[in-house]
Every structure is written in C-alpha cells, then in structure tokens.
Amino acid sequence: MISEEFDIANPTQTDEYLTYYKRIRKDTEDLASPLAIEDYMIQAMTNASPTKWHLGHTSWFFEAFILKKFSDLQKTQGLITEPYTPQNEKYNYLFNSYYQDVGTPWPRHQRGNVSRPTVQEVYGFREYIDSFMLNVLDSNLRDDNVEVLTILGGNHEQQHQELILTDIKYNLSINPLYPVYKKTDTLQPGPTEIPDLEFVPFDSGVIEIGHTTPGCFAFDNEMPIKKVYLEKYKLANRLVTNGEFLQFINAGGYRDHRYWLSEGWDKVRTEGWSSPMHWHNIDGTWHNYTLSGLKRLDLNEPVTHVSYFEADAYAKWSGKRLPTEGEWEHAVRTLGITPENGNFRESGLLHTRAVTFEDIEQQKVAQLYGDVWEWTASSYLPYPGFNVLAEGISEYNGKFMSSQFVLRGGSCVTPVDHIRPSYRNFWHPDTQFQFSGIRLAE
Amino acid sequence: MISEEFDIANPTQTDEYLTYYKRIRKDTEDLASPLAIEDYMIQAMTNASPTKWHLGHTSWFFEAFILKKFSDLQKTQGLITEPYTPQNEKYNYLFNSYYQDVGTPWPRHQRGNVSRPTVQEVYGFREYIDSFMLNVLDSNLRDDNVEVLTILGGNHEQQHQELILTDIKYNLSINPLYPVYKKTDTLQPGPTEIPDLEFVPFDSGVIEIGHTTPGCFAFDNEMPIKKVYLEKYKLANRLVTNGEFLQFINAGGYRDHRYWLSEGWDKVRTEGWSSPMHWHNIDGTWHNYTLSGLKRLDLNEPVTHVSYFEADAYAKWSGKRLPTEGEWEHAVRTLGITPENGNFRESGLLHTRAVTFEDIEQQKVAQLYGDVWEWTASSYLPYPGFNVLAEGISEYNGKFMSSQFVLRGGSCVTPVDHIRPSYRNFWHPDTQFQFSGIRLAE
Amino acid sequence: MISEEFDIANPTQTDEYLTYYKRIRKDTEDLASPLAIEDYMIQAMTNASPTKWHLGHTSWFFEAFILKKFSDLQKTQGLITEPYTPQNEKYNYLFNSYYQDVGTPWPRHQRGNVSRPTVQEVYGFREYIDSFMLNVLDSNLRDDNVEVLTILGGNHEQQHQELILTDIKYNLSINPLYPVYKKTDTLQPGPTEIPDLEFVPFDSGVIEIGHTTPGCFAFDNEMPIKKVYLEKYKLANRLVTNGEFLQFINAGGYRDHRYWLSEGWDKVRTEGWSSPMHWHNIDGTWHNYTLSGLKRLDLNEPVTHVSYFEADAYAKWSGKRLPTEGEWEHAVRTLGITPENGNFRESGLLHTRAVTFEDIEQQKVAQLYGDVWEWTASSYLPYPGFNVLAEGISEYNGKFMSSQFVLRGGSCVTPVDHIRPSYRNFWHPDTQFQFSGIRLAE
Amino acid sequence: MISEEFDIANPTQTDEYLTYYKRIRKDTEDLASPLAIEDYMIQAMTNASPTKWHLGHTSWFFEAFILKKFSDLQKTQGLITEPYTPQNEKYNYLFNSYYQDVGTPWPRHQRGNVSRPTVQEVYGFREYIDSFMLNVLDSNLRDDNVEVLTILGGNHEQQHQELILTDIKYNLSINPLYPVYKKTDTLQPGPTEIPDLEFVPFDSGVIEIGHTTPGCFAFDNEMPIKKVYLEKYKLANRLVTNGEFLQFINAGGYRDHRYWLSEGWDKVRTEGWSSPMHWHNIDGTWHNYTLSGLKRLDLNEPVTHVSYFEADAYAKWSGKRLPTEGEWEHAVRTLGITPENGNFRESGLLHTRAVTFEDIEQQKVAQLYGDVWEWTASSYLPYPGFNVLAEGISEYNGKFMSSQFVLRGGSCVTPVDHIRPSYRNFWHPDTQFQFSGIRLAE
C-alpha cells in the first residue's frame, strides 16, 4: 500500500479497476460461503447485523452512490441511452444503513426479521450490481468521481467483510450449541513461553499523524495531517495476554470499582460483566468461543473482546495507561513497521496469535498491526481542518464523532490491504464484540 | 368429534393411533412446506415464534412427556432394554417453551436468533422422534398414560399448527415486500350483498357449559361442567364486517376515548393504533395483508385481527356489547350447530369468508364456528372444581389464568377436528395478531 | 348504612347534606395532619400519589363536576348572577386524575414533581371550594343532580382518604429512616392464641349479588343486581395469618414455580419477591413496616400487603383456593354480618388485628369486614345490564374493567361508612401496596 | 484569584480559613432561602437533585472526608478525647452521591422521594457539621490534610451552589405555573443593538494549558500542565445570540439531519427537540423560562441551555466550528482577560446579559468568562501525567473521563471566585439544563 509499485488497493488502470472490484466482491462472498442459509439470517443484537444484510448493503452502496447517481448525468452526456434501473426499488429502503440523505433506512434492529429477499435473491442482486459496475468500470462511463467512489465502495465493503466475521461470531456465540463458523488452525497450541513485558521509550516533540501518501486511498477522518505535541512516553513491547488479564480477574478486578470509569462500572453491575466477552468458565477451566468453536483459553494469546472500559481498568490496575492515537502512530512510523507481518485475515486463523521472541527481536514493539484492534486513550474527534466527504456520501464518518474512542492497527479479521498507519477505527467504550485488545503505555 | 362413529380426533385402536399420529405430524410439515428456509427463521416480535421453533418444539413435547418420561419405567418393566436417548441433550433447552418443571426454557425472544439446528436438522429431529413414537404406539409399550399423552401431544401440535400460520403471517407482514405465504382462492370476490345484522333471542335460566362428551378429548380448562345463570340475551346473527368496522374508523372511533377501556386507550395512544392489524391505506384505498399477500379490503368479510380492546370499543360505539362465553356456548348447543360447516383451515382459504343469506337461513346464528375467534366478555378463569393436568404436564393451561380473555369458535386457520362447543382459547386483551373478530350481543 | 334510621352516609335534608359534606372534608384533612410539609410531596412510585395531590384532586372533583358544570345552568335559571370562577385555571390540568372528558390530565408519574401550589395554597383551594359548595348545598341551587354528585364526590373523597393512607405508607416505607406516620396502639400485642382455621359450608343455588338498598348510595359497578349460580362451597372462618404465610415462605413457596400463575412467577423473578411487601428480616427476626413505624411481626395478625399472585400461590400451596366475589357476598348476606364490628379506620389502629375466639363465636365467619381487602378469584367485569354513570362522570369505574381482580370487605384504613355487602374494590393482580389479604375457600 | 494579595478563595491563616468556610456555607443557604419547603423536595429528572439533598450532601462531604477520617487519627495523637460521632449514621447512605469507597450511595433517582430528614432537620445537620468544622479549623487539629480537604470541600460546595440554581431552574420549569425562584433585574431590556460577529486571529505553535498558579487551588483534572500544538485559528469576538440561534431554527436547523452528529439527531427525533431548553413559543412569540419566571426572549442575549449537539449543529450550519479547550485557554491567557468583569452569580441577574460594544472594545474577545459555559470541541480526558486525588477522594473527577465534553469559562450562576483560566467543566453532549452556550471558531 505504501510501496511505489502497483498497489492492489489503489488501482489506476482499467484492468486494475476490474481486478480490484472483482477481488473485493469475491472476498465478501468467500467469507459467507461456510454459512448455512439459516446462519445468514441471525441478528442476536442490534449491533450484529445478519450476513445477508451485509451482502445486500455492500451492493446497495454501489447502486446508491454510483449507478443511480451518475445515471442521469451519463444519459445527458450521451454515454448511455437508458438510465440505470434498480432491480427492486424497496432495496433502497431495506439495505440502506444510516444514510438519511438517501431516504429513511429500514430499522436497524429489524434487519434479521426480513426473510425476503432470500439469500439466493441477494446473491442475484449482487450479480445484477456487478454486471452494471463492471460495465461502468470498463467503459468511458468511468470518470474521476466514479473512480473515487469505486475505491470508497471497495474500502466500505472491506469494512463490512470484517463486520461479517465479528457479527457472525457474536450471532453464533449465543447459541448453546456453539456452532463452528469454519475450522481453522486456531486450535494448534502457540509458543509455551513468551517474552516479558517491556516498555520501549520514545522522545517528546511535535509530531505529525494522519494520511501522508498521495495517490493512496484514505478515509476523510485521517485527514488533514495533524500536528501533535507528545511528551516522552514508553510503549509496551507486546499486547496484554489472556494470562495477564486472568490475573486481573483473579485479583478481583471486576469487583473493585476503583479501577473503573464510572460508566464502565455501571456496565459491570448492570450487565454482570466478569470476564471478556466469549469467555466461558466450564467446570473451573477457562475456554473461549472462537470462529472455530469453543476452545481452551490459551494464556499466551493476546486478550481480545474487551471493551475500552475493561482495557482502561486493566491498565489502571497494572499501574499503567493506554496510549494515545498519536503515540501509537508515532511509534509505528518511527519504527518503520509495516502491516505485512501482522496476523491479519489472510493468515486464515481468524483468531489471535501469541507473540514470539522473534517478533519482538525484529520489531522492537511487536503486534502493532493485526491480532487485535488496540484501544487508544483518544476520543474519536476530527483533525483540525477536517472536511467530510462530498455531498451525498458526507454521512460516512463525520457524524459519529462523539462519545467514541479510537482503535488502531487492525485485527486478525481485517484484510491486510485495508490497514495503514493513519487508519482510525472507532467504537463506543462499552463495545466488546469487536476483536479489540490492550496495549499498555506509561 | 361429537358423532358416535369412528372419530379421527379420538383414536382407540392401534391402527387408529398410528393414523392419528402420522396425520397430525404430516399436517404440520405440510403447513411449513411453502416456506423458504429463510422464512423458517424469523421472529419479528416475541409472541410470533419462528416456524423452525414450532417444528422442533412440537417434537420435543413427545420427547419430554412421553419418550423420556416412560423410558425408565418401561425399562424396569422389561418392555425395553435401553432407555430412550435424546438426539441432542440441548434440544431440551432450546425447544422447551414454558415448562419450568422440565428445566429453564431458552429465552422466548431469542428463538429467532438460533440458526442451529438448521431446518434440515430439525426435520431430522422430527423423524427421530417419529420413529420412536410409532414404535411405542405400535407395541405393548403403549399404556393408558401414553395414550392420553399422545392425544394431548396431537392437540398440542394442532394448536401450534394454527400458531405457525398466525405467526408466519405476522412475521412476513412487517416486510415491505409483503411476501406471499401461499396463493389461495382468497382473492376471489365474495358476495356483493350480505344479510342485515339481526339479533336472535335466547331465554334466561341456569345452563351448563364445559366438556360433556365422555371418551372425547378436551383440555383441562373445559372441565368440569359449569353451571351458569344467564339473563335473557340476544346474539347477532353474524359477525361484524370490515365495512361495519370501517364506519367505526371513519366516525373517529380510534380518536374518541369514550369507547375505550383505559388500558386499551393507552395502547391506542402509545402504539398509534388506527385500524385493525394488517390493514393498509394505500393512496386512499384500504387493503389488508393476507397469507396470499396484499389484497383490497373486502367490506363484506368479517373483520379480523382486532384486539379485545378494539372489539369492546366497537361494541360500545354501536350501542351493543360482547357476549359472555356462557352465552356463546349456550347458543351453539341450543341451536345444535356443529363445526363442520365453518370456514376452517381445511377450506384452504386461510382467510375469512363473507357470510351468505343461505348461511343465516340454515343456522339462524351464522359463523359461530370458523372464520374468526370471537372475543367474549369473559375472563379466562378456572371452572369451579378445576383440576390441572397430572404432574409434569400441569403447566399446560392453568398457570395462564390471569389477565386474559376467552375466545370461542375457532378461525379460518384452526383445524376443524380441533374445535368443539366447550373449546376455550385465551389471549391478552391487547392481542391483534390472532384471527380474532367480533360477535355482538345485547 | 343499611339501617332505616338516619344514615350519615346518605343525607336527605339540607342540614344532613351540610353535615355530610363537612364531615367528609374534615376527615381528609385530619388524615393529613400528622404529616410534615415534606411528606405531602413524595411519590415514590407512580401508583402512590402525594398527599398534596389527593387534597387538591378531591377538591377539583367538586369544581369539575358540580361547580363548573352547573354554573352556567344556574346562571340561566337566574339562581346566580355570576358563574363560578376557578381559583386557578391550571388546577384543572394539575389535579385531574384520568378524566379525558375534562381535558388532558397532568402526567401521573409527575405528581410529586410539582412544588407549587404549596401545601398551604392547596388548603386555600380546599377552602375556596368548600365555601362555594356549602353555599350550593344550603340554597336552592341544590337540585337532584347536585345531590347525587355531592354524594358521589363524598364517596370519591373517602376512596382517596384510604389512598392517602396506603400511599403515604408506601412513600414513607422506602426511606431507610422508617418514618412514623402516627403512633397508634398497633404495637400492643394481640392474643397469644387464635382459633383454628375451619371451613364453614354454604349451599348451592342461584343467588343474587349487587346493590339492593334503594335510597342508599352505591357505585355503578355494583348494579344492577346479578344472579349467580353457586356450587356448594366452604369459606374459611378467618383470614390467613402472618404465621401461616410464614410457613409458606419457609417451605420455599417463593422459589417453587408450581404454585404460581405464570405472570406472577415473572414478577417473583424480575422483582425479586420473597415476602409480602413491607416485611423486613432484620438479623433473622421478621419485622413489618407499619404506619407506626417498624414493628416485630405479629404471627397472629392477618397477613397483608400480598398481591393476588401471592394470595393465589398461597391458596394453591395449602390445597385450597380463593373464593369468588359471589361466594363472599352470599356468605355476608346469609350470615347477616354487618360492617360495624370490623376493624376499620375508625378503630384508630390503622393496622390489622388478630382474630379472637369471640369474633368467631359471634360471626361464624370472622373478619369478613375490615382488617384487609380480601382478594377474590373474580375478574373485575361489569354485571349484566351495567350502565356507566351519566355523561361527564362516565369514566369513573367502567373503563377499568380489564385485567383486574375484585377485592371485598374493606380494610383497616377504610372508613366504615364507606363499605357495604356489594362494594367492589379492584386492583391489578400484582398490586401489593394495598392492605390486601387472603381468605381461603374450598 | 490570580492576584498576589490576599485571596478569598485561597486562605492561609486561621482567620482566613474561618472566614472562608463560613462564607461558603452561608452562600449555599442564601441561595436556598427564596424557596418554599415544597421546592426543596422536587427532582423532576434524575440529573436535577433536590435542593434539600444538595444541602445535606455538601455537609456530608465534610463529615465523610474530614471529620470521620481524621477523627481516629486525632484521638491517637491526643488532639481529641472522643472521636467524631455522626448525627445520624444513615446520612452516610442518604447523602453520599457517588463515592463507592464510602459505601453504597442512595439511588440517585430516589433523592426526591425521601421526605425525612425534613428541611429543618437538614439545616440542623448543617449546623452540627459546622460546629465541628469550625472547631477543627480553629485549633491544632488543623493539619495540611485538613487544609487541603477544607478547600476542596469549599470548592465542592461551590459546584453544588451552581447545581442548586440549575437544578431548581429545571425542577420548577416543568410546572405549568412557571414558578418564580426570585425576581431579579433580568427583565430589564438589554442594549437594542450589539456588535457584529467578528473573528479574532491567533497564531499557531506549541502552547501550554492547565493550572499554573502555585498556592492556588485547582482540581486534579487541570493538572499537570499540558503542552498542545495549535494550528492558526480565529475565535468569535462574542457568543452566539438568541437571535442568531433563532435564524437556525427558522431555517429548519432542527429538521435537517446534515447538521447533526448521529447521536444528536437521535435525540432530536426521540425527544422532539425543536429549540433550546426552556424556550416556549406562546401564540407565535418566543419566551424563555428564567429563574425570574417566564419572560419574552431577548434576541441580543447569548443563547443558553443548548446541548453540545445543538452547539455543534449550529456551528456546522453557520459554516464554522467550536473551539478546542486549548484554543479557548490560549486566547484567555494571551489576551490577559480575567474573570472579574464577567457576568457571574454575583451580578445578581442569574441570567445571561447581552454583550456591549464597550465589552468588545475592552476585551477584543468578549464574554469569555461568565454568562454561559462554552462548549468546546474537546473530550473530557486526562492531561498527560494526570494523577487522581489522594485515596478516599480519588473518585472526585477522574472516573468521569469518558463520553463527555469540556466546557469553559463559567456562567451567570457560577461564583466568580470559583473560576480560572484552567477550569474544566464537563457534561455529556446531550445536556441542556446547564447554562451552556456557543462560541464559534474557524
């Protein structure tokens, strides 16, 4: 992504666009392929949408923001003779997520209660969209706007690829049969010993964060470049492990209000939190539910499915703190670490992986990319001079800039070509169902 | 059912039991057959269970109350060598509805969030149960208890057959695509003219209601026979029609608190009620959603999908009242009306049917059976001397005897051999999703 | 009240009306007199209105239904020269309870959040109303309608007198300081021994219930006379005691679903019910909170502050049942028992009283009147031929006829001249804060 | 406060401590003095505590953190012979706000439902505390810890003084009688013309914010000093006025989702927001409810009672943005503006005041202090190196550092000696009931 040669995430030629579009679209369908029809339907909480909906929504995105939008324009310009016709007008209602500009979206919590279109019909809708999109991309209908929006649509679809995996994990997890999404190598034991936790120092000064690579895609919320003053700080050389987090649990961490933010403590009490999400203590032995089913908890793997509140409580308990997003990004840039070596979706594990001595030797600060999204102590707010995307697509990111925290680095279910140093993920501080974990700082 | 010859609902011989059991089980599956896999999954409100769950639950019923229960006993008696083994122990959790005696039931509102077992696996579970049940019924494992519980299980399954239809109607109805469950003859227009509403008089006196036919099945809540003193009363010769109910709407009935019970008026305001459920005013023309899809409202058909609150408000507005269950049952018995001529599920319409002059000529008081369940002004309470069913199955009916009203007569989705003069259906007064309608009295 | 001589509850002469009106109004203020200003304000749950509101509402009743209503009429007739002018137009909003006809009522749950008018201003409002009312009653402005509505207003105010006591009991009870409303003789120990529970038989047949005394006041819901067929039954000779109910608790009654109606069991679990309301187990000793403060539980006193669900569960556990309202009223009429000997508000205890051997000797079935409202197994429904009160006041009773159960006999906080054989109280089956108790039948 | 001479907010000598303590305590009671007893009791929403509770809580603070805490220590040291005895042990429950360390607090939403202790008893509790506190301050019981905690307690009480006013404003405001807290000069018309909105430029660079005055009190959340990099920015020369905000309303600002953060738009729809809190459109004329009662809206006064969501939406609509807390503090420090000239509680208005040409001439950027708290675009997060207060009092500020935004500058109900350049107020972004307003930046 940051190389100068051809970059699969940033096409420039027609054949590159075609390849790019097809690849993204196929990846989505590959992720859905292990599922039974019934699995496509479930939505066990409002935040965890059905796979079927993701398949439809990511197609609707191209319809709403490219095919419909430029259709009239292209007709006027004589590029086409008939404007684009939606396969079904009601899909604009059913598959709209939150774009008020495009119309009232179908209620979010009702996504799982819609049996029609069927899964097969949704795949048909995908094909319908693809045929038009490929036609547009392979013709002089493709202008700058289309190019920009196609790449945006691709990145949007990659975000939903990750959501397909986190959502289906949650949706299957509430089933007492603990269904398996797909057997992976997850169950192979990791290293029996891992490196000690150490803190790597960084200097103070004014640094820059944000998107810095012209010609490469980035979301609006990564721009413009922001100058930040950092005090001297230290960053942990690896993520917090399950074993370390278990010590927090065993020390009564979930029962002692002093470690918790007030809103977090409310959650602990009203929701009865006593461990990370997906942990199960079965006859005294800790297990966690994974996309490969229930497995014995590996103490050396990084802890995941913790909320910001849990991450912050753990940090307080251990006498440390969480890093800011500036500290995280500065470390990545200073150390010159690239995503390629991270444990991303492409590893096929779809699960966290214990750090090795080798990782730390090579990278000094290991696991910055992949495995788990790292909660930062930074609120999700605009960078100075922030501009939302153009009219129509302006609701993409900006309107969520309240009450959320930034996470960095991508996880084991993020596609590797979707991440970069400036990438900002964001979730409410009580969110547990994402692959989110803990990096300490001091 | 009340004839003296062989009665399909009340077997006595082995072959009759086998026929009975197979028929009931097949009926259930026939009802599910028009559905897509996706349709089996949906639960758009807590009260409207997924079809898949109904298929599993009605099978679990035989497992929990016959196969498991008598297995140990039969082993002791040397009738079998191995006790019954459940196909999956967790089905006892997932498919239990409300039987606390049998264990904690899976949360009702979560029935639609369980993708596994798949639909196919549930059919496999049905076959598994059937093979054991047929074996039991066809052998000297069948004793009195098994016979009683088999008939109970059959009647239980028929109740769920009706629920499959009412629930799927609701679950499909919220979809803006208005999916069709099955095309029927519903769309054929009924008679253009129907008889005037008239009121047929009945004498006062002490009468008897309740189950009176020895050897025939009835639920515990229909027994023992109850003596009731009735004042002189009159019963409407037919049900209230859509056209008549539309006059109530047009007269502002939904906006005038004076016609409403206090709890009903709260519903009108908080839920925004302004017509029966499933009515849609599209560009000024009233339609209603049916199992055959959206159709133009037929003004001559009986109004349905009204709550007790709406039925009572309509009655008050028209200067009449709803009959008591004693009045209803006395009329049926006095007039000697039998279910056979009613519009039940077997008609294939799965929808209401307008009354004809001939109906009234033949029956004096028409539509007492079939078409819609008739709200009565009677609370659902035990008859004097009521005893719940035996230990184990005692939770079947008795524990619901608070805050509900009795409905009588069966509807267009009730199997005809499931109904009888003493049959008591019951729902909370705000229930709209059942095929419930209005018979006036004075 | 059922004597032929002058009846304080049923005036006929001018001086009787003046006496009646003044007595009722003074009683209300006497009940409020032990309270601090702060106590007048509290509303710890929606159902328990502040005393200040009761004082205002009972005055508003005369304004809304007499003073305002007949003012114009009286002006036309030349009886007055100026129509009645409200002291404050907004009181019609603030002090309306649920009369939609009179305007939108101030939200019920907000009654405690209104500091103005102050308590003193509300007493001023009472005086204002009284001066007009006394003028009307003492003049030829008083016609039949005014007479009927004055008596209704008096009975209405007596209902609120009882509510002032039950509501302030609840409102004070949640305070960890256990404030005392008024020290009474409650703490004197009752008899150390009480009569055995025995069941007194009654014959079967058609009997009559309802209001039967011409010239005496009764609510619309007690009329017209209703014929009921009763099977032979037996009624307990006294109420269930705290000691007996404690056995139910100790036997695990609150943990065994088999005794509970389904909706009751939901309450037990979601609200954590484990004893009657106002019971406190302090270091192993049972106490109950009373209007005289916290006291040690007297095992011989009748149990009170139980819901219908608890009463019904207790009855099931003891192998008995609750009586119907027909059975209760028939017993009272057959035995010729009158309210005079009951433990009503006039006893000054404001608390239950243990039954004595003498009570039972004299009355055969003791405690039918007073001490606690007795839950019956009858739903609150209209009698055949029921007519609501005249236009304007028609919302008084009829609109609550769904989902509630009838209670009979009055309690230790009911004024004795407010009760009669046909009196029907009604509450939802989960209500605990009333002085409600248990009479068994079989 | 930032002068070198004697500072009323930062005592050092015994007599200064006594003066300080007495002044703070008296101020609180002066604020309560216009209220009727009934007014002390009301809590119309969970967030708006009753005045009576504030009076008790601010006294409890001294009991819990000084009198109880050092009592044993002082006894050991021979400074006292008897340890401090609480007046009532249960006040530790009733008057604890959120200090888990000190015990479970009485439920926040129930503060208005506790009539005892009465108002008079609470004043008695205040006297009781005062007698002990004055004794401690005037003796060698006063050590460094006591001094620090006394000043903290004083500042704590000043925060509650402001809350007494904002809470009582809300609590009275829901009353349709629009009660007057106290007649002030508010109703005098302001200037008929005010200066144009202009933007004053500031340079970029690394600046410092946070508490910088040794020997003066500041909260933990203002420390340590934080270095911030600021881009060049401009700050509006005055606050946004009612008239300007009315243009936003009239332009449909509350109906156009594009100006709103997603969570704000949810509030607009679910709560029906259509103007700032306390605005009433009466027959086409805008009024606002003030502590002096309802008055006609003055278009020149700064808009107040707007949430962050409304402030941000207004800023977006006007093509501007809100300043960060760094920008705000830098402007104050650069311009050398001090609180003294602001419209604080001491002005006696208890209401906003229109800016004058003179204000702007003198200050360049006017109204930075007083009138309204200014929403900043900064989340409420710790400064690098933040340490919570000592054990016991550690819950004061730190645990609220999630999901809130910082406000700066104090308001017309803040005591002037309570504010300083580094003072950070914080509220959730949906908060309207505070005196919060809008300063634009670009």
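As written, the chain order gives the labels A, B, C and D, with residue 1 at the start of each chain.
In this section, a contact is a pair of C-beta atoms (placed from the backbone, for glycine too) under 8 Å apart; a residue touches a chain by one contact, two chains touch by 3 or more.
In this text, all values refer to a predicted model and were calculated from it rather than measured experimentally.
Enquirer: Averaging only over C-alpha atoms, locate the centres of chain A and chain B and give their separation in whole Å.
Expert: 47
Enquirer: Rounded to a whole Å, what is the gap between the Cα centroids of chain A and chain C?
Expert: Once rounded, the distance between the two centres reads 61 Å.
Enquirer: Using Cα averages as centroids, what's the distance between chain A and chain D in whole Å?
Expert: 39
Enquirer: Among line, ring, star, complete and other, which one matches the pattern of chain touches?
Expert: Topology of touching chains reads as a ring, each chain with two neighbours.
Enquirer: Can you work out from the touch definition every pair of chains that touches here?
Expert: By the stated definition, chains touch in these pairs: A-B, A-D, B-C, C-D.
Enquirer: Which of the residues in chain D come into contact with chain C in the complex?
Expert: My answer: residues 36-44, 52, 88, 90, 93-94, 106, 110, 112-119, 171-172, 174-177, 179.
Enquirer: Quick one: in the complex, what on chain C touches chain B?
Expert: Checking each residue of chain C against chain B gives 98, 100-101, 206, 227-229, 231, 233, 257-258, 260-265, 308-309, 377-379, 381-382, 384-385, 394-395, 399-403, 405, 429.
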